[in-house]
Amino acid sequence: MMAKELFPEAQEIRKGRIRIETQKDKVGEIIKKLKDNSYEHFVMLSCVDWIKEGKFELVYQMWSYQYKEHVMISIKINRDGESMLSMRHLFPQIETYEREIHEMFGVNFIGNPNLKEFILEGWPHMPPMRKDFDTEKFVKDFYYKIPEVKEE
Amino acid sequence: MNHENWSKLARIMSKRSLWMIHFCTGCGAMEMPPVMTSRYDMERFGMHAMATPRQADVFLVTGYLAVKTLKRVVQVYEQMRDPKYVIGFGSCTINGGMYWDSYNTIKDLSKYIPVDVYIAGCMPRPEAIMDSFLKLFDMIDKGEAIGWQKYHKYYDQYKRNQRMAFSYRLDEVKDIKEDDKE
Amino acid sequence: MITLTIAIFLMGVIVVGLLNKYPKTAGIIAFFVSLIPFFALLSWSSVMNITLPSYLQFLNFETSWQYNLGPGTLILQITPLGWFFLLLLSSLFPMVILFSISYFRSNAGGFYAAMLLTMLGSFGILLAQDMLTFYIFWEIMSWSILALVIRGGDRKAIVSYLSFGALSAMLILFGFMLLYFKTGTFVFAEMHLDASNLVLAAITLIVSGFAVKGALMPMHVWAPHVYSKSEEPFVAFLSGGLSKLGYFGIMLFMYGVVGFSLLSSWGTFRGVPLFGYSLAVVGAFTAFAGTVLAVMQDDLRKLLAYSSIGQLGYIAIGLGIGTPLALTGALFQALNHTFFKAVLFLAAGAVYYRTGKYKISELGGLGYKMPFTFLASLFAIFALAAIPITSGFAAKWLLYEAAIEKKFLFVTPIMLIAGVGAFLYVYKILYGVFLGEPRYNVKEAPLSQLVPMWILVLPLIIFLIFPGWFVDLTAPILQGYEMTAIPHTPYTINTSLAKYNTLAVIFAFIGTLIFAFILYLSKPQEKVDHMDNYLAGEPPELYDYISMHASSKYYEPFEEVFYPYFKRGAERMWEIILAAGEVFGSGARKIYTGIVGDYSIYILLFFLIMVGWWLLW
Amino acid sequence: MVSIPPVLLIAFPLFFAFLAPLINMVSKKAVKPYTLFVLLLNTLFASIIFLNVSSGGVIYEQLSGFYPPIGILLSVGYLGAILALLINLLSPIVYISYFGDAKNSVKFSMLYMLVTASSTGIVITGDLFNMFVFFEITAVGSYGLVASMRTKKAFEGAFKYIVLGSVGSAFILLGIATIYGYLKTLNFYDIALRISSMPPTARLMAFIFLIIGIGVEAEIFPLNGWVPDAYEGSSHRVASFLSLGPSKAGIYAIARLLFTLIPIMGGFELALLLGLLTLIIGELAALKQKEIKRMLAYSSIGQMGLILVAFSMDSRMAFVAAIFLMISHAMAKSLLFLGTRNYTVGSLKNPFVSVPIFIGVLSIIGMPPFPGFWGKWYLMVDMASQGFWTIILLVILAAIVEAVYYARFLFKGTGTEKSEGISKSEMTAIVILALLLVLVGLFPQYIYAPAVNAASSFLGGGP
Amino acid sequence: MVNYIDLTIQILVAIGVTALGFAIGMLFNGIARKITARIQNRVGPPIYQGYIDVLKLFTKKTNISHGWIFDLAALFSVAGIALAFLFLPVAGVSLLSGEGDLFLILYLLAIPALGFALGAGASGNPNAAVGIMRALMTMLAYELPLVMVIIAMMVYYDTTSLAVIVQKQANMHWAIFIPVFFIGALVADMALQGMLMEKPFDIPIAPHEIATGPMVEFGGKHLGALMLYKMMGIVVETTLFVDLFLGGGVILSVSQFGWLAYVVNFIVWFLLILFVFFIALLINAVFPRFRIEQALKFYWKYDALVGLLILIWIFVGVTP
């Protein structure tokens, strides 16, 4: 069964690329249903920081080899600390994506066993990928402030 | 033959057999194969690629260094035995290169470990690398390649910079000064 | 004096048995009682024409003794061969008892009693001059070992030991009966054997009976279980000393009773009696298979057990070839094996005493915390691996020379490969247990465990420098069999093929060591602990929760290659035989159906058969 | 040396056995020491008779005034004296174990004394019918003893014993009838003299009847169906007593039949065949048996087979071997039965239990310093001198099988769990038995001399 | 009484020849890298590169050590290989080879290997332990065919002493000309490839897999000692091969020509071991690395089979 027949609210942006916008709690069963209908390849989970709307957009992307279709399930959660259910039980690799998003955006995923630090070991500041984090300023007053080795 | 020119002779002889270990952190590793194989063949200078820092003399840092990788680079550098030399490849080690504004990469390698020779270029070509080897040999002859002595002399400064980088904070260094006795 | 010794031993057994509650005093008493055979040995040293220093002249044990016992009379007399093996046992036994004084924390009374009985048994075996005495003391030794195996409390060990012990006892008994039928007397001296098939059958049975105790290949199945499931000091004495009695029996009967000339009358192969050649082939196979199996073990005691089986195979080869060179080699290997195997098992005991672990994969890095145990076992391991700087090499060298002299083209490569195979499991012990990452902070083994280990290492050093003394030591034995000792000086042995000069090796080695030391002193060095190690640059804090010890499943590629060939092994063969016995058993038990009616029918049937048989016949 | 009429050995315990109920009425507790005193006295008499016989030779005693063909004649030969001493020496020791038991039934003591007296009687009587009478008393006494446990198993075992025992005694009666029909005499030596005058068929029939009848009591192969159940059902004390008295008397009767009564042509080959069959089947059956008492029962059958093989060798050395085997079996088996009352894991922890049991097992398997070894050694030597290699092989195989299942038995006892073990008195009994085993083993020459006399006199057809 | 003059001369000769051995070893190291480079169409380091490397290693300012057992490795490896060299008849000059025989040499080769293994074990590095396991298994693998051929040779020449074998091959009766030992030489050459740890069998020192295996923690002077051991090992093993099959380089008999014979023999010996080493280098430059089970199976299946053929051939040939 193609994605469109399954979910009437799916819009087809162009041939082979479908976008579904839903709420936070319906994502789990959508992915499950797609997974059973030969959408077995979970492409990636990404996060977009809409700072003006004050929302994070989480996009779960799946691909079906049979129908050659790319489905994007996108949900919006507000930026200040709203947590999301972990989809780890459906696809194991989601755990790493969620871990990265947790480190880079600060989204908390309930049910993910190891949300510990991933790339930035011992990063004390706020998650760097958020729009309100000014990298240039950080670099200017951290890396360049580290003193040269003075040879007296 | 008194001690002074004996060590001079030793230095001259040892420069003809510098064993190399390289930490391919970034895209510089691609430049090493042509240097080792038939076209340029660094073995002409007696340089041989070694697998462990214990056996190595010269340390090639090729490419940008994330803070996490810096921790490993410092560990390898400290495991090498004196006299040891460091060659920094490409602009990333000089001033962060195209990652100048990244929150995660260090900007200047010489703040953390003493670097003897820098090779400019966003990944220098093999000829540049061979030239840097010759430059290193001259410095060793003239006794200028004293990076490893600098590391001992200013050990606390280097350690302070390293801890600052690892903890991503400038102020953090003050309270744990006393435990750092070389 | 011999009656006094036996009486003191028996009283010792009873006294020590009762002192179960206080192991320390029992151990000390057992130690003093265990010194008596050593003094007996010294007093009889005139047999080996060694003149005693004056202050030891007071010992005058009489050399022979008879005890009338109903029909048979027990005849005990000291012979050069008996003296040699008594040297091995009586110097090893006190050390083992000294070790076990501090080893046991509770109920050690039974242990000392059984050990004294074992020593009494072997004391009698070595002096026996007739088959009845030999058999009696052989059985006393084997069932006192059974008592010790029961203390170990492992089902497989007890059942396999007792069934193989009974098998070997009955083989020997059957062989004795054949000889008695042939010669009409039990005493070795009076037996005049001729080259009939009956005597050949008897000797084969007797030798195979002894082969069970010496753990030759098809009959070795009991050894790994018993060695790995009993207490360490006992296993050190069992594998170090008692397994030699099997070979003492083989040598006594092959060369003492039957004699080389009679042996070769049953056909020879290149000057070596066929009987001996087959023993050599079995020995070679045992050496090879024992070594390969030893490499594959993870349990330290099992590994030492199989290595012991392998090394004993060498002695069988030496006894098989039968030339003076081979016999000297075999006896030298027996001496070495006694001491280095005892040291290794005692070291395993000390390791168990401190860490309570046996598996090599769980041990590691004990060499730093237990340096003396490590050094003693290092020297024993050098002797086991036959490194030229130890006496182990001289023994194996003699065996190789003997094999080449007799042009054994197929046995010698197997021997050499078994020798090289020894390096593999030897290093597994060294790395797995002593070197590598220090994982336990334990104290050094107590002094009363270290002293015996180091005393047992001494003979390996003495005969390292002067192998010639050993050849003098065994010359009287060879004279007993009308063979002349091999030409030798105190520090060189030369055979028809080549020369081995120990002093040359030692001085050259010292010279080169000095040269290397000068090189080594060129620059200072700083000690760095195992945390500062190259692990692809990983930061040190990772090391404390990942173990850097690579000793579990150490020789996995080796196992992949050899396991298919050794999967079945001899153990299954014996299990099949036992199963067959059980099938008969169940058949027999079915007869006893438990219903009275059947039994009365049996009686009726029996009556009819009897009458029928009478009518027909 | 004061000489005691042998009849005292039988009459004395019988008399006091029937006196026991009176003592019981006087005071319940006095019964046990009283019985023990009686048994010890009997042991004293047996040893005096043994010394008289070994110094003076066979003692005859005429009972009730009539002359031999009619009157009962007691003839204590060398073998008879040894066995009498054995039975009477061991029965008080086994009885000591009864002190620890809470139960105190006077009937048990009465039966105990009765069976001791009757089995001694079998051994020293010279008259066939008299032996039959004593057989009956032993059998009846044993039925009572086996049933004394009053459990379901005990009654089942006793029932089987009664059925087969009565079939056996019927056959003995038939045998005696045929003999008496032709020879009009019941005295052993009289029968031995005039047996040739019987027609060969009648002689053979008598032999068959007697061998079946006595065979049941002597646990020979086809006839010993009752043994496993009887031993398993009876209590440990009774089982050890059974393996002590009645079974020894049974085997003695078989020997008497083979050597003196009817030495027919194929007699020894038949006995050898039966012996070997009993040995092999007994040992193999024990191999599979998991339950301790049944295993020991099968092992007893095996030992009986071995003794029969020794007797059937018909040579002096084998006869001596048989005597040693009997002594070893009596002591060691009773020791094992007593020692394994509630034999569970860990019951070998207490040295006073584990060492005697270990000695018992070693003596049965035939390990050197114990009588079992001397028996097997002399048997082997004798068979070797006659060259019966197949039989030696079979005996050796049996010994190996024995070793295997005794190893399992010993292992069952090891372990560290706490087990309540056995009572103090049983412990003293097995320690004394173990000491006896060690003494006989270490100094066999004191048993060897009388055994040789017994062998030479018995083989000649004499007492 | 041993006259001391003769003894001192002998000692001096021994020291001289050993020093020569080490020098040739270092030379061979340079030659090996040069030839491999030239095969790979590279310029390659100068011939005297070996000397520079060793000097550099011994002039390193700081050295680390993991305890006295770790240092033992450096001592035992250099001492052991020098000891093995002393017992080898080198170009007819028998230093101590009269005192020991071929079995002694085989076991003397084991001392440095075991000492080196001890040191590697003491370093506590898992790479080292895996490396040693592979080294010991390779040794077990190549030992079987090698030992078969050696025993066949011993039985054929009816002696176990290498010096006597060399004498018996005097004036061009080289063993390699005998057909059975020609095949034997092939088998032994395969084993030599394993002994020298050249490419197909350099499993223990696999730089890409286990970071130079046992030598992971060896730096500075320890690595210098091990380099000396490796270089001297090349000389010892090739000399062993030359002594066994190519007459030990003895062309002119010393009695007739005196000093000239010594010089000529040394040159011939040098050329022969260079030739043998050259074969090994050719194989080394071309072959990829075996896995350890493949190496064991290769030696114990194919090589040992040929060894067995040789043994049977000798067994048939030699009169009982």
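By letter and in written order, the chains are A, B, C, D and E; residue numbering begins at 1 in each of them.
One rule holds in what follows: a contact is a pair of C-beta atoms (placed from the backbone, for glycine too) under 8 Å apart; a residue touches a chain by one contact, two chains touch by 3 or more.
None of these values were measured; they are calculated from a predicted model.
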{"item": "Set of chains whose contacts include both chain E and chain A", "value": "B"}
{"item": "Chain pair whose interface holds the most contacting C-beta pairs", "value": "C-E"}
{"item": "Farthest-lying chain, centroid of Cα atoms versus that of chain C", "value": "A"}
{"item": "Central subunit by CA centre of mass proxy", "value": "C"}
{"item": "Centroid comparison with chain D (C-alpha atoms), farthest chain", "value": "B"}
{"item": "Centre distance in Å when chain B and chain E are each reduced to the mean of their C-alpha atoms", "value": "38"}
{"item": "Interchain centroid distance [CA atoms averaged], chain A/chain D, Å", "value": "92"}
{"item": "Centroid spacing, where centroids are CA-atom means, of chain A and chain C in whole angstrom", "value": "70"}
{"item": "Multi-partner residues of chain B (at least 2 other chains)", "value": "52, 54, 71"}
{"item": "Multi-chain contact residues (two or more partners), chain E", "value": "59-64, 211, 216-217, 220"}
{"item": "Which chain pairs touch, all of them", "value": "A-B, B-C, B-E, C-D, C-E"}
{"item": "Complex interface listing, chain A residues touching chain B", "value": "119-125, 128, 133, 135-136, 138-139, 142-151"}
{"item": "List of chain B residues in touch with chain A within their complex", "value": "66-68, 71, 96, 100-104, 106-108, 110-111, 114, 150, 153-154, 157-158, 161, 164-170"}
{"item": "Footprint of chain D on chain C - complex, ascending", "value": "17, 20, 68-71, 109-110, 132, 135-137, 139-140, 143, 147, 150-151, 153, 155, 158-159, 161-163, 165-167, 170, 173-174, 177-178, 180-181, 578, 581-582, 584-589, 591-592, 594, 596, 598-600, 602-603, 605-607, 610-611, 614, 617"}
{"item": "Sites on chain C touched by chain B in the complex", "value": "532, 534, 536-540"}
{"item": "Complex contacts: residues of chain B adjacent to chain E", "value": "7, 10, 13-14, 16-17, 37-38, 41, 43-46, 48-52, 54-55, 57, 81-83"}
